[in-house]
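Provided herewith is a single structure, encoded as structure tokens, for subsequent inquiry.
When the chains are written out, they are named A, B, C and D in that same order, and each has its own residue count from 1.
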Amino acid sequence: MIIITKPNITDDELDHLRERIEAAGLHTHLSRGEHRTIIGCIGDETRLAELPLRSIPGVESVMPVLKPYKLASREFVVNRTIVRIGEEASIGGGQLTVIAGPCSVENRAMLHATAAGVRLAGATILRGGAFKPRSSPYSFQGLGREALQLLAEARAEHGLPVVTEVLDTRDVDLVAEHSDMLQVGARNMQNYALLAELGRVQRPVLLKRGLSATISELLMSAEYIMAHGNHNVVLCERGIRTFERATRNTLDVSAIPVLQRETHLPVIVDPSHAGGDAKLVAPLAFAAIAAGADGLIIEVHPNPEVALSDGDQSLDIPSFAALMQRIPAFAAAAGRTMSPRAVLRGVAVA
Amino acid sequence: MIIITKPNITDDELDHLRERIEAAGLHTHLSRGEHRTIIGCIGDETRLAELPLRSIPGVESVMPVLKPYKLASREFVVNRTIVRIGEEASIGGGQLTVIAGPCSVENRAMLHATAAGVRLAGATILRGGAFKPRSSPYSFQGLGREALQLLAEARAEHGLPVVTEVLDTRDVDLVAEHSDMLQVGARNMQNYALLAELGRVQRPVLLKRGLSATISELLMSAEYIMAHGNHNVVLCERGIRTFERATRNTLDVSAIPVLQRETHLPVIVDPSHAGGDAKLVAPLAFAAIAAGADGLIIEVHPNPEVALSDGDQSLDIPSFAALMQRIPAFAAAAGRTMSPRAVLRGVAVA
Amino acid sequence: MIIITKPNITDDELDHLRERIEAAGLHTHLSRGEHRTIIGCIGDETRLAELPLRSIPGVESVMPVLKPYKLASREFVVNRTIVRIGEEASIGGGQLTVIAGPCSVENRAMLHATAAGVRLAGATILRGGAFKPRSSPYSFQGLGREALQLLAEARAEHGLPVVTEVLDTRDVDLVAEHSDMLQVGARNMQNYALLAELGRVQRPVLLKRGLSATISELLMSAEYIMAHGNHNVVLCERGIRTFERATRNTLDVSAIPVLQRETHLPVIVDPSHAGGDAKLVAPLAFAAIAAGADGLIIEVHPNPEVALSDGDQSLDIPSFAALMQRIPAFAAAAGRTMSPRAVLRGVAVA
Amino acid sequence: MIIITKPNITDDELDHLRERIEAAGLHTHLSRGEHRTIIGCIGDETRLAELPLRSIPGVESVMPVLKPYKLASREFVVNRTIVRIGEEASIGGGQLTVIAGPCSVENRAMLHATAAGVRLAGATILRGGAFKPRSSPYSFQGLGREALQLLAEARAEHGLPVVTEVLDTRDVDLVAEHSDMLQVGARNMQNYALLAELGRVQRPVLLKRGLSATISELLMSAEYIMAHGNHNVVLCERGIRTFERATRNTLDVSAIPVLQRETHLPVIVDPSHAGGDAKLVAPLAFAAIAAGADGLIIEVHPNPEVALSDGDQSLDIPSFAALMQRIPAFAAAAGRTMSPRAVLRGVAVA
């Protein structure tokens, strides 16, 4: 922690300030400049995190030296994490993994059609919403438990591990039982009760960046889950909220290399939510790979025109297959191999 | 709903589009312009809300005509809502109500000192955090149940109804039992599981605007609670996230008159979180009143320098009292009277 | 300047870094922490401003200690500046000054009607656009020189000094000759060629904050004008660009107290552009006064429905007069007196 | 133009509104819904652009049907524009063009070293700043006319056409004489006096997107130049300002496919300014190509550590050469060929 004092700080104020820091168990080290004195605080910075140093008389500004995350940091964990999803799939480790499936599980037929289609096209993990966070109380809220059952069936039949969102602390065990990976949606990135609960289960977590969360806050939410015991966290950039109105959100493509530098956790991208438009999925997916993403999560629906949610941004199966055809060239340019198709519970691979 | 077509839409595409709309039970009405055709959809617009109209061939853009909120709208509820808090306090109805108290309940002594101080200065509702949403897992997380007990004691002793935050659906009944108003924090504004649960209790809800939530989204979250059965919702502007770094957040003072025009629900402002700096509390509080707010919620601590959370933005008791002295002049200029001090359960008023 | 090093900086890198700083004429002072070394650079920080310190091996981050502005800073100029406009009007010094008039000067009749109306209602400075920055090349671009002539006439007849915008370095002398104050529009806040030219004339400058300019950048643009010789600068907050779409811009009301703390220059607010809606002018004007503004600039048109620009946000004369009736109560609450009406060149005051 | 009325509009208000629209020469077409009436305005929409329709009683909202740009729109110009730069280079038309060079021209030696280095690595256009827009009046402002002379020399010697920024309307002819393309910087994107002047010269213009300019506003600034006579405009995405602080700006990679859909003008990307960090240049450059950019503009300096401006984000020559080695694989994946090296005025190509 570095403290910069006001130009007119008195000696008494300076003494009081140093006492406060030293009472927390740190040493202080002064550099007196022409206009300001700089106080370097030497020792365990976390002890100062709780102190309202800016409110102490004579203080102008306070700057942390260390990053607030530790478990999530590449500084403390040197090897990059590979997160295993189900028995065969994984995210991280130099491969490019594609997750695909419908926004919501609407019924058995559409789920199976989608699972078969995305698997054939090369996806290795199936997504599908059971509990849906909808901004309107009057919109379709998902099939809930029934959808979890259908996802488990699809997993068994198509050999794809399953990721689905959990919204409520009371549903964590249930969702963990029926799926291979639990998703925290963008709106719940700082739902700390939920994060703590996910820290207690032994299922990988897909943590989506909040609409206005900084990269550092995303890492702190990962830290929250990890500090509660679960280190299998995959981060997902899905677009941030800016002034621009031509796209639903603004894909922060720079977040990918920044995260790859800051953390050992895998980083994937959701081009469907970032652009909010089926026509933007391909260019944003390619950009994500080029910038160094470890994977993609893409919304696919057998007939987007009748989708109960997110139809505007869903690809149909032929469009998804066409997209998958173009991906290996970008992955190769970026130095990644394609993740092999899942071989789960004896299902033969096409 | 208004649909604008692409210039090159074919007759078949136009027929298909009209069939989709009419199948949902609405009539279509065409205006053919030089470059575009405009389709007005006459009937119950909510039936179209689920349709991914933009994904239908030939559609350029889709614009709703009606606001997505109904219960929260001044168009549907003409009289302004007054929300009663406890037996004597209220928010709305031409009065200016001040809520004050510590960020976190740290112990009995500090809570009682604060309650006595803010009551004497003119606050009519006590705030105090029991469960704290902290971005770091290593920060103080609040005293939890013990704090709820302390708040109930403070209410009994000082005659101030109590508002406290709830983070977890599993705690809603417990918090409702010990407090007079339940707060939804900015980070949980779109935690729909929590909003639905709060719709089922009969306690007023203080709903804080999310850091990057639009005014319309804030109203949709109120609608969510109301649609689940609880119409006692107070909205709180507390600053939004922008590019500006000189203040922690940017108080969106314009949201006050916009909300007063759009909704019948009361609107209060949190100048402590908006600025993140004790020195900004007074000017932002005055601005909020001038712009038409129904109340304020202010962080007060007996000794901010030792506060376990938000010390930088907390007022001490003398500063709060000085602020309260200046408020009536602004309230009078804005056409509001000061809410009288609470007289609760026989406690005499100073 | 404070430099924080990477944990793995080598001794050679550290030596090289210190040499670079000392070569610029500063001393270095090291604080060695557990994970990082902090280097305090003692001496004239401006000499380091040009050095790309972050690009030197071993450097993690660089933090300036001093603010980049000096002439505009309250730290260097203790007394608050009062800017005189014409012979009688002024901005700053504990008074509240109101500037009013049309967005564009459309013709002689409307300008005189507006000038007479706003003067009677209590405005002391007349605004009126001659050269208009319009985002479309097909929109009305202002009457140019003819409008300058009409403004000079209106000044002579109504006894109100005049402020008008200048867009082009080539027009600075012409505009300075015909007006009492030159406005730099939001889009030109960082048009450094124009700022430098305005530094060379002896007319006050009204500098509007750019849509996405930080408070610090606004002060740097003021510094730019001042460093070129003209210290008569008035700052204007006029709304920033955020994600919110219910208002055209977001009035950053917090900028007022922050600027009053950082600079000795007067600060006014433009509630017309901030909200982009005539109905929002009054609440935003009141909020601005409550937060400590030194004045307001308001768009007024005799018949907004036929205005050639900004009709949606212009007040008609009766609405402006009604607004002016309510302002003194807010000004008094904020500790300001109303600026007396201008008495210019023998014009009698109503 | 579509107008939506308030639910309580009177017949007189509706008549008045229709009269205003018809007086502008358009027809009106009414769709009466349950709560609102929708008025479609048929005819030349530009005639309504000046009318403050929202200020007319009974109007709730107003929505344009047509885009405000015409000359820049793909709807009006079917073939994609290829802009020729100098005698041999070009931007657009399925090739990927790389512009490279120093932020500022500091002296002859560094300019020649850079020009030789970037040419050898495959750049086909040289950038170099003569007039620099610096936020501080105390920073290096560029060598001005001397730099223009040095750029002209470098062009002659190295066979690379030259792009440089112009800040002042008075310098347009001078800069046009010494360079092959004139750059409008982000801060001047809405400097309409400058845009109009650039419309009158016959040199290509590189128009950078403003920090908080929407895609639509960028296109309107291009329209401004085009409407004044110069159709050789290249658009440049260079990062927008958001809340994220880990990068200097946020590269809006989605703007690339949106612009490619909306306009026939070429679109390039500046990864140096977008990230503000030399280490981010490569991933952002790759992402830009993958998303469909027609080119890149990259800051290169022989020794970034001593650069007089932008040293933190400049690549040295070996890093630039290494980047150029990796680009063809991404360009090929995106369906583009590399622009051949310039052969200008008899200079042999390596």
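By definition in this document, a contact is a pair of C-beta atoms (placed from the backbone, for glycine too) under 8 Å apart; a residue touches a chain by one contact, two chains touch by 3 or more.
Please read these numbers as outputs of a predicted model, since none were measured by experiment.
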item	value
Lowest number of touching-chain links that must be crossed from chain A to chain C	1
Chain pair with the higher count of C-beta pairs in contact (B-D, B-C)	B-C
Where chain C and chain D are represented by their mean Cα positions, the distance between them in whole Å	27
Chain centre separation in whole Å, for chain C relative to chain B (CA means)	32
CA centroid of chain B to CA centroid of chain D, Å	40
Junction residues of chain D, two or more chains touched	212, 241-243, 245
Chain A to chain B touching residues, read off their complex	20, 46, 49-56, 68, 131, 133-140, 167-170, 187-188, 190-193, 196, 210-212, 217, 220-221, 223-224, 227-228, 241, 277-278, 304-305, 307-312, 314
Parts of chain B lying in touch with chain D, wherever the complex brings them together	2, 4, 7, 29, 31-36, 38, 40, 42-44, 63, 65-66, 75, 212, 241-243, 245
Residue numbers on chain B that touch chain C, as the complex places them	212, 214-216, 240, 242-247, 250-258, 261, 274-275, 279-280, 283-284, 286-292, 326, 329-330, 332-334
